[in-house]
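Below is one structure; the comments refer to it alone.
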Amino acid sequence: MKARVIVTLKSAVLDPQGKAIEGALRSLGVAGVQSVRQGKVFDVELAGNDKAAAEGVLKEACDKLLANTIIETYRVEFAE
Amino acid sequence: MKARVIVTLKSAVLDPQGKAIEGALRSLGVAGVQSVRQGKVFDVELAGNDKAAAEGVLKEACDKLLANTIIETYRVEFAE
Amino acid sequence: MNLIPNTPRITPELVAEHGLKPDEYQRFIALIGREPSLTELGIVSAMWNEHCSYKSSKVWLRTLPTTGPRVIQGPGENAGVVDIGDGLAAVFKMESHNHPSFIEPYQGAATGVGGILRDVFTMGARPIAALNALRFGNCHHPRTRHLLAGVVAGIGGYGNSFGVPTVGGSVGFHSRYNGNILVNAMAVGLARTDEIFYAAASGVGRAIVYLGSKTGRDGIHGATMASAEFGADAEEKRPTVQVGDPFAEKLLLEACLEIMKAGCVVSIQDMGAAGLTSSAVEMGAKGGLGIELDLDAVPCRETGMTAYEMMLSESQERMLMVLAPGKEAEAEAIFRKWGLDFAIIGHTTDTLRFVVKHKGLVEADLPIKDLGDQAPEYYRPHTDPQPRPVIAAKDVPDTVSLADALEQLVMSPDLCSKRWIWEQYDHLILGNTVQKPGGDAAVIRVEDGPKALALTTDVTPRYCEADPFEGGKQAVAEAWRNLTAVGATPIAVTDNLNFGNPERPEIMGQFVGCVKGIGAACEALDFPVVSGNVSLYNETNGKAILPTPTIGGVGLIEDLAKSMTLAFKAAGEAIYVVGK
Amino acid sequence: MKSALVVFPGTNRERDAERALTLVAGAKVTKVWHSETELPSQTDLVVLAGGFSYGDYLRCGAIAARANVMAAVQAHAKRGGLVLGICNGFQILCEAGMLPGVLVRNAKLRFVCREVRLRVERADTPFTRAYRKGEVLRIPVAHGEGNYTADEETIREIESEGRVAFRYARPDGEIDETDGPNGAINGIAGIYSETHNVLGMMPHPENYIEPAIGPTDGRGLFESLSSAFKAA
């Protein structure tokens, strides 16, 4: 079973990477981008086919390791 | 207008970070995760509301900067 | 203009949430003669907390020797300044980032390094070396590995990117740090003795300029947190951690040194803990001037920030400056070139008031000198610690063979090789690292030589616990020995005094004992204390850390060809023991 | 020799490089800011120094590779001019497409600063004539992302064309079968462009040049460069 975890910085937290990318896009002449915030994505393969169980496992994985909930939030998505 | 760009490593490229996360999850006792691959996500705010135009801008941003196509592929998603 | 009406009302709960004791709040009311606005309450809570006011430690810090023929600037500025001859000065300080690092090890440690580097380059010095002193819980404690890995990566992540060699430090493990690790960061810079910059503003009507990164809602209440004892609710205090941007800081360094060279700067102060509040108050109070700020001009990262939030934000990589008249355009051009924000956000006045305006309203109007001078100062009750009895060697059962004992010592986390740590720090950048980590003291060449500085951080907490006075002395003596061992003349000290809750007499007793010991040793060795930092309330659920007064020692080597390393140089040579 | 030292925001080893260029190679060094569109006239050598250009945000070297000045650097290389990229400079050259492949995170996922042994793969380029082929040098590394990788075909190409400049080796010159400092494929520490006038390398020869500081095995690279121009 496949799932995707997306971890992003909370909106109030400074994202120096995003800021640098915005600047770079601007100086490359890519027009129309107003802001960029960078996050991480984890593509996870899970044993079994039980979605509820998988959700539990991923929540645990996020809370314990994948996300730092002080400055980040996460979201779990399942491939259809 | 908001869009999300997801940049992931091509499947043939080794992902040591993903491997390290697999190992760490195992040693934290998180069971049932078979493999992890890590990628990047960019949450982008764009001027205007024209989806086709936005797609063009994002493709340009990816090709010029956001992805290194030697080792990465990208995908653009729009918020519904 | 009238002072903004209060919403919400200042309740005792609100006062308590700001970390002010009822009598401290009464003291504030008496000072201003009315109920404060919320912004004013925030300002005073930042100024009067332990971290900024040193209210528990000040009476004891005054007993330390702080002067000497080489001392150009002792405690009281962003960093201490010591003359090293040839028109050059060493500028250095140590500072803790304990609580943030426990909550978010990578960012906590990184921003700790960023803060201390800023302290050094605001004085006009280019940072030439960084060190750190770390304490973690027991190696087998479930969080230790994560904390150690995160802190080391964070220190490296910031210093490596900023471009300063991290050349030394110390690390220890003990279960008493399980819930409260220590991250003390030290930075050393080099300046010309006639080009040192200070915080004190001068001249009425001068522009006050905001420089660096934008202000966000980072670490609001961070300064209060840094002084609050940890409890089970640490999770709740989490969002108060900031993210560091070493890239922005590197640009800030170059831009600051450039505008200093161009003669644009009258006074300068970094925005550390309690950000805009303490930097502005300090500039005014030290210069005997009032300050008026107009927050509408503050560059903000987020929309809708209130005056309260702007005054308490701990966003990193920011500075405040008073510019020389007529130099505004030149200074702005330099900052824009480096891609940094630059805004005139106020001016100096002759009123000795600290006035903060936002959206046409006066959010604060306070007597500027009293905010610092009238801060509470406590002579806290302390019980004299009972030194542990001296154990005679013959009373120690000798149950292990010499070989096993040696093996255990070498294997112990405190004594084993720290290569895993210092290999994650770029210790070679700038090309002046004569002795890299792993020896007694680091040795860094000064410019093109032949002068060099020797640097070390030391303390043995279990000695301080067994006998605070002797432990304090020993920490200084050890730093002294490490410096002399590489061939340096020890010249001055910075310190970082990490203790538990000073409101408990036995903890205060440890503090007093250690400070007396440090003072005695520094006095005897002509080894003045020129800067430092105090970190109290290092406790979890009422259990304090070991008393840990870290000593950062700086020594001078006149000719680095005459410095020495600890490695044996050839087979067949005699080995001597010197000393008692 | 006239050398242009390119400085991006976040470059931080430019002083180290400048010292090596002046002290060892006797070069005249001009610093060139990232926003410039031209190199100083008659530039012989362009150096991209180490550091964290643009914070190394996004990918290391990615943003710098697209800065204004890079077009001029590319043109200089096309004319046959020499270009040396050290550490972040190497990463920038790869991102700019001036060298093949990419540098990814170290296999152990940690920044590493330590001395390594480098085997000189060929001693007949303007960068290495002062060394012997097969000589083993002591040179430090200091990077978090120095793990060189490329697709199989590219690797085959650079190997068969003799474009590997240095490999991480053991003191006896054998290739380190473990990961070396970063896990780079075939122990690759530095590579040349097709015409051998562009060199990118992760290790820092500029930090091992003065006896007062430590080993001096890095001098050969700067001596080679200086004699390349004396000869001409």
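Of note:
A, B, C and D are the chain letters, set down in written order, and residue numbers restart from 1 in every chain.
Note that a residue touches a chain if its C-beta (ideal position, glycine included) is under 8 Å from a C-beta of that chain, and two chains touch if they have at least 3 such contacts.
Labels paired with UniProt names: A, B = Phosphoribosylformylglycinamidine synthase subunit PurS; D = Phosphoribosylformylglycinamidine synthase subunit PurQ.
Predicted model only: the values in this text are computed from it and were never measured.
Counting C-beta pairs in contact, the pair that comes out ahead of the other among A-D and C-D is C-D. Measuring from the averaged C-alpha position of chain C to that of chain D gives a distance of 37 Å.
For the pair chain A and chain B, the distance between mean C-alpha positions equals 9 Å.
Note: centroid distance chain B to chain D, computed from Cα atoms, is 30 Å.
Among all residues of chain D, those that touch two or more other chains are 54-55, 57-58, 62-63, 66.
Shared interface positions of chain B, i.e. residues touching 2 or more other chains, are given as 64-66. Under the contact definition stated at the top, the residues of chain C that touch 2 or more other chains are 245, 247-248, 339. Under the touch rule stated earlier, the contacting chain pairs are A-B, A-C, A-D, B-D, C-D.
Residues 9-10, 12-13, 15-16, 19, 50-52, 54-57, 110-114, 140, 142, 144, 204, 206-207, 209-210, 212-214 of chain D touch chain C in their complex. Those residues of chain A that touch chain B in the shared complex are 6, 8, 18, 21, 24-25, 28, 30-48, 53-54, 57, 60-61, 64-66.
On the side of chain A, the complex with chain C involves touching residues 9-10, 12-16, 20, 23, 68-71.
Interface residues of chain A facing chain D in the complex, by the touch rule stated above, are 16-17, 20-21, 24, 27-28, 38. Against chain D, in their complex, chain C makes its touches with residues 153, 156-157, 160-163, 245-248, 250-251, 338-339, 422-434, 445, 449-450, 560-561.
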